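By written order: A, B, C and D. Residues from 1 in each chain.
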């Protein structure tokens, strides 16, 4: 951390700052500039909130030098982490495709989708049993019944299952059925839930909050890993910006940036990222070209009747076409 | 809702859209424009997601006409809701000031703060026992011990207590001690928690998420009220924008807008809104001038030693000065 | 500036960085941390772009320590700048109100408005002759004829005139008529225009761009002052955020922040800040409570017939009411 | 346009609204809902600002149905526009690569870069002679001398030249030397400049403002085309968001969206979009995979000595590698 003193900071103020830093267990090094003095803090100050020092007399501002995340960082582990579930490995040279409906709506709907996405080349099945909806009047998911249906789809197709868990007390139930626990965007900073999935032994798919920075995403992954579960996959699914033509703005930059900062696998969800089915395939191709380890795609046998997210769901035949396109791009960038 | 058809939409497509809408229980009305046909949907279509119709063949886009919230709206209730706890009433002509530390750190710290804010004119005490922190390595709050200390401070000062609840299973415990349950910004769309506080009989202070729209805030209030608890206060606490000089951007517009859209009381938290103690008083005055029903202010007897949010906490004497300034502005705009 | 080296940076890389910095005319100071080495750059490095050093081998990132603006900063001048035009002084203890229509539409419209705002207590008249419109099909202003009408309104009412200049070649013409040259939000980084108004001897009202940071606003003021014209007033007029209920988000924080960072006067434009006339008075009061030196308000005798911005324009009687409210708040915070 | 009346709007208010709309030259159609009446406006109301009607008594809100752009839209022209300059065609099945330094710094620097990018496979040369810089103390470009050097580079390599024009009065000078006039992001809404390049017969590369929506970008293109110049290419170069790890956020969604909404060619500038050279190739590949018609890449023979944007500039050998990667992806998606 670097602490910049105000232009007229007195020697006493500077002394008092260094005393406080040293009291907190760090070494200091003073640098006298032409206009300002800066106090360099030496040692692993990651646990410190730099803003805590901004309140000391004579301090102008503080600046973090070390990145605040540790276990998730490339510095902690050079080689890529690989996460395996139900015979699928994510984080290797292959590109994994997870597909399925936004919500599990019925037995028939899920079975039809599961067989269709399998035939088209998906390696895992997604589907929500517990649904976070912004309106209390919207369909909230089938709950445990949805989990049963998902498990049956796995039995029929062999595809492992990715499904959302919305609260810590749901973790044991969902973990009983699911191969991967999904933490949704709105819960990315639900720390109670992060700790709970961190104590589970199921792999976790952590979606970036639509209001969250890359650094905050990594800090949330740090919660899970530091609670004991290293099997974390990160998912970029679009952020909220001023642009109104698309539902969200896919942060394509986040893919190479995350691959650089962390050893964890990175998945792209273009369905939420763009929010209109017409544009999903283009953004999916872009994600693979940028280096994503996998894709998560919403597919519905009849989007016109979908109870949620129909507008961004692909029909099975469109999805099959997307898989073909993605394969070509993946090969082009040296993936399988 | 208004459904706009594409320029070349065929009569069959239009017919199929109206059939679907009518099947969903609404009446329709066709309007033939010079370039496009639009389908007007008649009836209370609030529970519908307009995007669900965007996927129908020939549809260009859909537009909501009715606001999606009901119970929280001024249309549902013309007069202001008043929320009473521990002898304090919020939503009337008075301006209520809630003050205290970000976190309960110790018995001594809280007692000192509680007496100081009471003496300066605060009518309620805030303080976090359970703390949502972006880093797993940061201080996470004293937990239940913090609740004990808060209760003792209430006994000593008579100030009712506002404290955060972070997960649904914590609601019974926190409700045993607290006068007001605070739902934090990061949990504004934690629907499991919203339902749980909606089943409590304690008043709820619902903070706006840092990247949530005004409409989403009202929808989250709708969750609480529709679950049975009408005692909701809304809190603007700054949103995330591109501006980096302040921690957040206080959305001052939200105050008159919320007072117009809803009957619920509106509180401003300028401490989080601006994030630097030097600017808190100016933004607090602005909030009252704009029509806020109350303020929530972070106060710490020794911000330099605070375990969280020291940079935005006022010392008791600065807080007393803020109360004096706010009183003058409140009187100026016809409040007490 | 502080240059943070990568964890494994070699002594040669560090040496090469310090050599480059010294070649650029600065002194350096090395600080060896436990995990990283940092290179502190000593001297006035404001003209340097810190990113220029990020490309050197072994560099992880660079951090600015000095603020990049000079002439506009409080450090350059402790006391408030006062800007005087047509008998009005901005930047003193008084609060100045500038009012008038968005566009000059006709002789009758402007004269009616000018007399009305004068009677209600405005000290200066605004009105656009050249209008920046996002659509080429919208009304683009009366041009020079509009300037004539503005000058006549000044003759009749004695109110000095604030009007926008959109391009450098228009500066001589507009300066012939106007008392204050307004640089609009969309032109805040039109450097050709900034230099041109910097060579004029008219005061300049510089509006913040709708997605410009406070720092960028100050850098644009720096362009004008460094070109020779110190008579600059800054205007906060709302920024673009994700919130869709209001046209823009008034950055109320910017008022105390700007008053702290710079000696220049700060004006608030709540009409653009909120974009709906119903909310303008509340935000105007907030601005004065927060410390603004003046307000800029859109007033139209018949908003229903306005050729631009009718939705955010006040009728004269509503404006008179706003002036009364603002006076009470101004007195409450020790202004006139 | 659809005008939604307030719940309690009186018959007189509704009548007055329809009278006003009809007076403005449109037909109306009333739709009586269960809770609100809506007034549908029939006819080409694109030139109207919907907000103009929001001020009428009894109106709750207005909603645009037609997109506000005309000449730029796919409805106006189904097939892709092709823009040709110096033997290069943009908008066809090929992917065009424009490369070169941010600024022309010297004769030697530009010649070296020009030959290098040509050898690596670029089809056009970029380089700034007039530079918009946020600080008045930064290098502002070589001006006309830079144009001379660019022209010589074209003579030597045969590559056509793309360079920025910053003000309307510079258009004749720049058009004398350049093959393509670039309008920079900060000038996207400099309407004086848009009209001036619209009267030129040179192709225009219009960069999206970092604060501008897709719709605003198309409206700015509409300015140029409606002034007489149909040779417009659009360039996505990243938007400003809350994310701080990258310089901007590349809006990859904008590529398929623009290809859908308009017939104009779409170029991606990943150098500005991501802002760090390490990530440029990944985002460039993504852009081509998403359907971009071309790329614009910053290349510098010695980024460490670059006077601007060194941090995001590729060395020639890295650029050559990027071209190889992009070719593979282009082939994969059926481009050349």
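The criterion applied here is as follows: a residue touches a chain if its C-beta (ideal position, glycine included) is under 8 Å from a C-beta of that chain, and two chains touch if they have at least 3 such contacts.
Keep in mind that what you see is a predicted model, and the values were worked out from it rather than measured.
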By Cα centroid distance, the chain farthest from subunit B is D
Turning subunit A onto subunit D by a C-alpha fit takes a rotation, in degrees to the nearest 5, of 180
Note: subunit D sits from subunit A at a C-alpha centroid distance in Å of 31
Rounded to the nearest Å, the gap between Cα centres of subunit B and subunit D is 38
Subunit C to subunit D, mean C-alpha position gap in Å, rounds to 26
Contacts with two or more other chains occur in subunit A at residues 211, 240-242, 244
Interface with subunit B, subunit A side, in the complex: residues 20, 46-47, 49, 51-52, 54-56, 68, 132-138, 166-170, 186-187, 189-193, 209-211, 216, 219-220, 222-223, 226-227, 240, 275-277, 303-304, 306, 308-313
In the complex, subunit C touches subunit B at residues 211, 213-215, 239, 241-246, 249-257, 260, 273-274, 278-279, 282-283, 285-291, 325, 328-329, 331-333
So, in the complex, the side of subunit A touching subunit C is made of residues 2, 4, 7, 29, 31-36, 38, 40, 42-44, 63, 65-66, 75, 240-242, 244
